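What follows is a set of structures to go through.
Each of the next two complexes has subunit A plus one other chain: subunit B in the first, subunit C in the second.
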Partner chain A sequence: MNNNIITLHYDIDGTNFTIAGQASSNIKKVLKQLGVDPAIIRRTAISMYEGEINTVIHGKGGVADIYISPDQIRIVFTDHGPGIADIEKAMQEGFSTASAEARELGFGAGMGLPNMKKYADALNIESTPGEGTTVELIINIHS
Partner chain B sequence: MNLKQVQKTLDATILSTTPWEDVDVHSACGCDLMSDVLAFVKDQGMLLTGLVNPQVIRTAEMMDIRVIAFVRGKVPSQDILDLAQSMDMIVMTTSYPLYTACGMLYEQGLPGNVRKEQP
Partner chain C sequence: MVITADKVKQYYHSVTLDREKCKGCINCIKRCPTEAIRVRDGKAKIIKERCIDCGECIRVCPHHAKSAVTETLDDIFAYRYKIALPAPTLYGQFNHLTDINYVLTGLKYLGFDDIYEVAKATEAITAYTKKLLAEGKLKRPVINSACPTVTRLITVRFPSLIPHILPLISPMEAAAIAARKEAAQKTNYKPEEIGVFFISPCAAKATEIRNPIGLSSSPLNGVISIKEVYLKLLPILGKLEHIEPLSTCAFAGVNWAQSGGEIAALANDNYVAVDGIHHVVRLLEEIEDDETLDVDFIEALACTGGCVGGPLTVENTFVAKSKIKKLADELKKSGQKTAPVALSDEELRWEVPITYRNVMNLDEDLLIAMQKLENMQALARNLPQLDCGSCGAPSCKALAEDIVRGFAGETDCIYKLREKVRDLAKQMVELEEQMPGSFKQDERER
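And then the complex of A and B:
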């Protein structure tokens, strides 16, 4: 199975809020080309886009690594931003520390992480305050 | 609802060059918070918003929303339009405010596409 994995890597610019979303847009196109079920593409696109936006607006930029195998899509965001002090609190609907700039773009409702949890089959967050955050999303293709 | 009826109801100006006259929408959502669109919108209808930036287009893209109406006479910049255009979206602008624009479409029979939240 391992020889069937497609690996993709994206640098996520933390300085330009307006172009955020390009990695998610590309992955959506790749999944479409691979003929993945539209419902799975949609769940992947929404949860990845939330993660990408978080990497930009909270993580100050980072990288996204995507692994697509016949049975799952794994997305890992890594940043070296401020980190998350209390992950449980960050997971609550409505909790947000988004900046005024992020809010002006229509973000900061504190819905991203709960939404990622809802749409992905697994969401794993590892974070050290002052060092950064790693967010892993897994979407099963054949569940 | 056919987009011709939407356009007429909102007295909207179509800004994109994507063919639109034969397109139908079955539901709509009025929202300025992209987080909420991503969290609550159920099906691929039309988005009405007073927010103008490229993330509106990106959000619509992720949600498979193909029709966007900017309210209160807002006209997106060319780069935003180009982004929408590259994904065959239909973009229009209406001078009505968000609440009124949504109300007019609702009155014409276009339902909402956001599920009712438990209190």
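And then the complex of A and C:
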């Protein structure tokens, strides 16, 4: 364990909707094993799940890197998908560019990013259209 | 066996193992939804902190080594006034049964003085649940509290969902409270002279009475398995002379025996009904992740098909389901209504809130837990990922966890053991080659 940080890495398959959510499921189990407060686990689960789904359906797949320290849980999603042209707009409730296929599966309400903002203590997005997107979520363990 | 409130034990379980019959196979460790079983020294061992009494191991054990400890019909005679609380599931166990009163009269022949149908109490719960849902103060989606296995599963594996559980006692307990009240009015017996017994499809309910959820002590005195009652009822049912009109429940309550029954009674169409413990686990995972799940009520039952699939039943689950449906349809046609249930809303509410017991954490201290987690992951990466179960743990990951918890060693993995033996053999050959000269001399002379 380097500097009291646990690092975990997951590949997120961009072609398979049905296994989306596996990384967040694993993280939930890890946080329970660490004895983290259930309310914090729930906030992590909800925001991470939204991030994972976005990486699948918008980012066309990518990776999730998770860093757990005694103070915070930091989750970084990286993809090389289409990127986000207007981040401010993407953050608005109800804004969505989800495909018809994704909508069929119940995604595309435009609530993912707003929920991530609501449940995480910090949300940082960096994106270059045509190159990809990095989304960082931070959840404090001691609030 | 008489249970008193002060004997309530936090980790009491009705599910137990017969060591003689256990062959140490891996069927149960693989199916346990909370990874609560290990095979140690050739026998299964239940980790009591994790067991939720779902009865899954009772079902899968090919050697019938797992069973649920319950009271027996003999135990009712310790009380002067004996009340049977039949679960509606009981009605679905018999062939060609058209009138529930046969079964209820039969129970009286077995020694009970009075009957209180659990199906009746479900109506009070439904009425109050409707009120609470309409008030809209409960955390959505509301998860039912009728199945103690699901409630315990949540406290062990999904603590963040505790605030979603409907804060009401189960129909069994509601029926017991109402039955006690009624008996106190009808008779002059003191409370301790009245014995209230649930006729149960369910192993978890047998745990409930010693360690109740939401109550400081159980209003019941015992749980008797449907299996036992069935065997005793079967020979007498055909011979009953006078059938008493004892049944006073309506179709809605009978329907609670099967998955979808509670929901149907609520008449809410924004719901999910899920049955079978592994399906329940998957749905709870999803609720934990997805804030946007637009559902008002979740009826989650641990057994496949609902209580008709309970581990203490006799009839095939799907056959029992069809029988329950027929009986309920019959009652609906006849228009039989439930006699008033003497329970206030207040009595239906939990007295004591459910608390979270963290049984999954690796250590109380976060830093130590982190260190153990890191070690565990390193160990897991080194194991063959076959999840074969030969080590006695349900998966390679679980073995890694057991190792860092100090309950197992790496060579419990037979593949690791084989590697070690091979290394040792190699070392022996190498040593052999380095034999001192005096020995080699001997060899040549022979």
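As a working rule, the second predicted complex is superposed on the first by the 141 of 143 C-alpha atoms of A that agree within 3 Å, B and C clash if a C-alpha of one lies under 4 Å from a C-alpha of the other, contacts with A are read in each partner's own complex, and residues count from 1 in each chain.
Rule of thumb we're sticking to: contacts are C-beta pairs under 8 Å (C-beta built on N, C-alpha and C of every residue); 3 or more make two chains touch, one makes a residue touch a chain.
What you see is a predicted model, and the numbers here were worked out from it, not measured in a lab.
Touch criterion met: A:K28 reaches subunit B and subunit C at once. Once the two complexes are overlaid on the shared chain, A:N4 sits against subunit C while remaining clear of subunit B. When the two structures are aligned on the shared chain, A:I87 is found in touch with neither subunit B nor subunit C.
In the superposed model, A:I19 makes contact with subunit B only, not with subunit C. Of the two partner chains placed by superposition, subunit B and subunit C are both touched by A:M111. Of the two partner chains, neither subunit B nor subunit C is touched by A:A122. In the superposition on chain A, A:I68 makes contact with subunit C only, while subunit B stays out of contact range.
Annotation: subunit A residues 21, 24-25, 28, 38, 42, 45-46, 49, 109, 111, 115 touch subunit B in one complex and subunit C in the other. Across the complex, subunit A meets subunit B through its residues 17-21, 24-25, 28, 38, 42, 45-46, 49-50, 53, 104-112, 114-115, 118. Taken together, the subunit A residues at the contact with subunit C in this complex read 1, 4, 6, 21, 24-25, 28, 30, 32-36, 38-39, 41-42, 45-46, 49, 68, 70, 109, 111, 115, 119, 141. The residues of subunit B lying in touch with subunit A in their complex are 32-36, 38-39, 51, 53-56, 58-59, 61-64. By the touch criterion given at the top, residues 157, 159-160, 162, 285-286, 288-292, 356, 358, 360-364, 366-367, 369-371, 373-374, 376, 401 of subunit C touch subunit A in their complex.
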